[in-house]
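Okay, here's the structure, questions in a sec.
As written, the chain order gives the labels A, B and C, with residue 1 at the start of each chain.
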Amino acid sequence: MARDFDISTNQSTFVLEALKQNIRLDGRKLLQMRDLDIHISPDEYGYVEVSLGKTKVACRVSSEITKPYEDRPFEGLFQIKSEISPICSPFFESGLTSNSKQSNDELLISRLIEKAIRRSGALDVESLCIIAGEKCWSVRADLQFLDYDGNFTDISCIAVIVALMHYRKPDLEIDGDDIVLFNVDQREPTPLSILHIPICITFQFYNPNGDVENVKGDSNDELILIDSTLLEEKISLGSMTLTLNKNKELCQMIKSGGLNIDASVIMNCCILANKLVDELTDKIQTLLKIDALSRKSGMERELQVVNDR
Amino acid sequence: MSRLELYSPEGIRIDGRRFNELRQFTSQLNTHPNVSDGSSYVQQGNSKVICLVQGPMESLSNTNAGGASKLDHNGPILSININYPPFANNVRKKRMRNDRRLQELCVVLKRCFLKTIVSKNYARTVIEVNITVLSMDGGLLACCCNAITLALIDAGIALYDYVSAISIGLYNQIPLLDMNTLEENDLSFITIGVVGDSDKLNLVLCEDKLPLDNLEALISLGIEGCHRIKQLMDEQVRLVGTDLLSKKQ
Amino acid sequence: MNIISITQAHRKTSHTIIESDDDSDIEMDDQGIITRTGTGTGASSSLVVTPGELITSDPTWMKGHGTYYLTSSSTTTTDENNNNNNSEMPTYSSLAGTIQKVNKLLTVVPFKGRYKPETGDHIIGRITGISVKRWKVDIGGERSATLLLGSVNLPGGVLRRKTEADELQMRSFLKEGDLVNCEVQNGGGDGGCMLHTRSLKYGKLRNGVFVKVPSGLIVRSKNHSFDLPGGVSIILGVNGFCWIGMTKRDGSGNSNSSGNVIGNNLKTEAGLTQKKYK
């Protein structure tokens, strides 16, 4: 049985009061993200651990060769699996209980990642086709949530997309009807074709005044913050997740109820998110570039060793 | 012509509408007076939805009794169920009871209405909403949202305001209001829910890729559309209300 | 932003389906005008309002059920007319219904809705559960009501403090599914209401038929039980639960019926009292 995250009234009013004065408990500004730390596995392809403050997520991408779906013979398979287990926090329980609040959260997160990455076509599934209608790659991303301090959506989206960009599938050659797979040592593995990099940004909304003010008032002074911690997430009155890429394309957007927010405020959020996404994309790309360089040198070093012998 | 022309150069859509034209919107209230506290029927073009509301009551009816049993001390427990039978679409397709897309919509709607119901009046109660889709021709979420609003009003549940929703698509920089299935299949669209006559959005859902620059145009057209739908719903509520009053006297 | 043009056809087409189309259409138009003028002035008695509609911005009204309001403190800073704000306290409706004004109290009475118990209502309820010293009674409201063991008349009309033995015997007085004719002792509030049957006219119902109608159709009045010719009497509970049954006999029958009101098992009751006196 999962425990509910209980916050005392005292604590929640304290956090809210602080937010009203533009102070967050960890000293950040309202619209400032925590430090994003991406750890790419140095000795294998497609495994990353991403952490945002205390929140931590691991993602592994793997692939195998299967038969494509009959109605889509030219497309490979791509699926994202995510399961929130009690490993990250005692508030979650393993297995699905159909009606609990947690499974709702989990459902929203997994649907969101699915929409952000799969539906938006970040991975070119047609490039995964080997022989039309016969053989194709099936790529699978497994998400594991390691530690929970709020903002699972943003971080898991980053984790999946970085892992996908980093992953290399073994090179192959088609010889008539046979497929020859090459070992990583034999031939340099090929990267997946990633069409764009979607990044999720989640906004949390807080209402300094009452519900009525929110519905009827004109002041629009709802508090907005990004990258919330667990505590902030639990007391938030509504959230909105935007998924954007560097081309200024909105891949997905969901504001599931909660506080009523003026359209102009939402547009402002979009502009802000756009800026953040640019920064994050650059960061991810430079990181991957550095990693790629270090890897190449590693390979050369290995060759060097062979030569020496 | 092999490819459908979704928007002709003259500015006519596939079903003869202009870009800013709603489909025929019909609604009825109190359609099922004996089995529910509030009920509504909403028809937007060929999309038809029935919504039944039970409650506020002390506990869930027998069907869901196993589930969330803990009552909330700050507001009602809202349980929303969408029943999407196989005959509702052009192509007969059986949906599992736990279809993830529908479940997601349920969660979205639930969160949306929890903020709209004057929740402090209904602490420690349960409100159960059941939606049956009779026929779907685009705008599933919008239809459901409008139907729930009407059914809740019919049930005499206190709301801060109407929530009216509409879908808006994008065709070559041109926003199209109230999409049908053909348009939904080919174009990317968003669904927005607006509170009353304000510009405040309660609900935004976009599942397809969309240039960010066009978002503003879509939302502003959508808000206008929602206001119009709110007006139509309001007329219907008044009509039914005055009718009821005349019967009482 | 552009104006939305809309197919207006639906009004006309729906008319063919709805029978009394012309009347309702005119009515609606009238109503629309009335309410629009009405919101400003806050005039006559039965105005139709819908959720979110501004009822009045006059702060002197007291806000009752079915309304909500903006407190002036929250609107002060950013609004356009600061001077007015101190005096303005707009009140909105949260229900679809009619405005009712009692002195300075403004309430919205919904067209429909679940029964809201008020003290003194004569209602009929159905027992749904038994717990310590109380029955849980479904009265068709938002919450179940409670009927305390202390507020029922014992079978035989004995007036005494309820003992532990009575507590154990509760199910023999009223069991789940039984219908009771009772009165609301203290109504509403937050946590459901209390009922009592401390009168000869209240108690368990038998020999009759149960009918449920919307509670809005029953008007609160002095008398809710009526004897019809032919030995039929009818009880119209304020909560919309009605009972059509055999008329109880008057005179000698009355005292009998008081015995019959609660507890069908007089014998065990007699045994109980005997035991007690030993």
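Quick note on the criterion: a contact is a pair of C-beta atoms (placed from the backbone, for glycine too) under 8 Å apart; a residue touches a chain by one contact, two chains touch by 3 or more.
Predicted model only: the values in this text are computed from it and were never measured.
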Counting C-beta pairs in contact, which chain pair has more, A-B or A-C?
A-B
Mean of the CA atoms for each chain, then the mean for all of them together: which chain is nearest?
B
Just the number, please: Cα centre separation of subunit B and subunit C in whole Å.
30
Averaging only over C-alpha atoms, locate the centres of subunit A and subunit B and give their separation in whole Å.
29
So how far apart, in whole Å, are subunit A and subunit C when each is placed at the average of its C-alpha atoms?
52
Out of subunit B, which residues touch more than one other chain, so two or more?
118, 160-161, 195-196, 220, 223
Multi-chain contacts in subunit C: which residues touch at least two other chains?
52, 68, 92
Residues of subunit A whose C-beta touches two or more other chains
212, 215-216
Sort out for me which residues of subunit C touch subunit B in the complex.
1-7, 9-10, 13-14, 24, 27-28, 31-32, 35, 46, 48, 50-52, 66, 68, 92, 94-98, 110-114, 142-144, 190-191, 214, 216-217
Quick one: in the complex, what on subunit A touches subunit B?
98-101, 104, 107-108, 110-111, 115, 119-121, 211-212, 214-216, 237-238, 240, 244, 248-264, 266-267, 270, 274
Counting only contacts in the complex, subunit C reaches subunit A at residues 52, 68-71, 74-75, 77-79, 90, 92
Interface residues, subunit B side, partner subunit C - complex:
17-18, 20-26, 30, 33, 37-38, 55-58, 118, 122-125, 153-162, 177, 195-197, 220-221, 223-225, 228, 234-235, 237-246, 248
In the complex, subunit B residues that touch subunit A:
64, 66-68, 98, 100-101, 103-104, 107-116, 118, 160-161, 190, 195-196, 198-213, 215-216, 219-220, 223
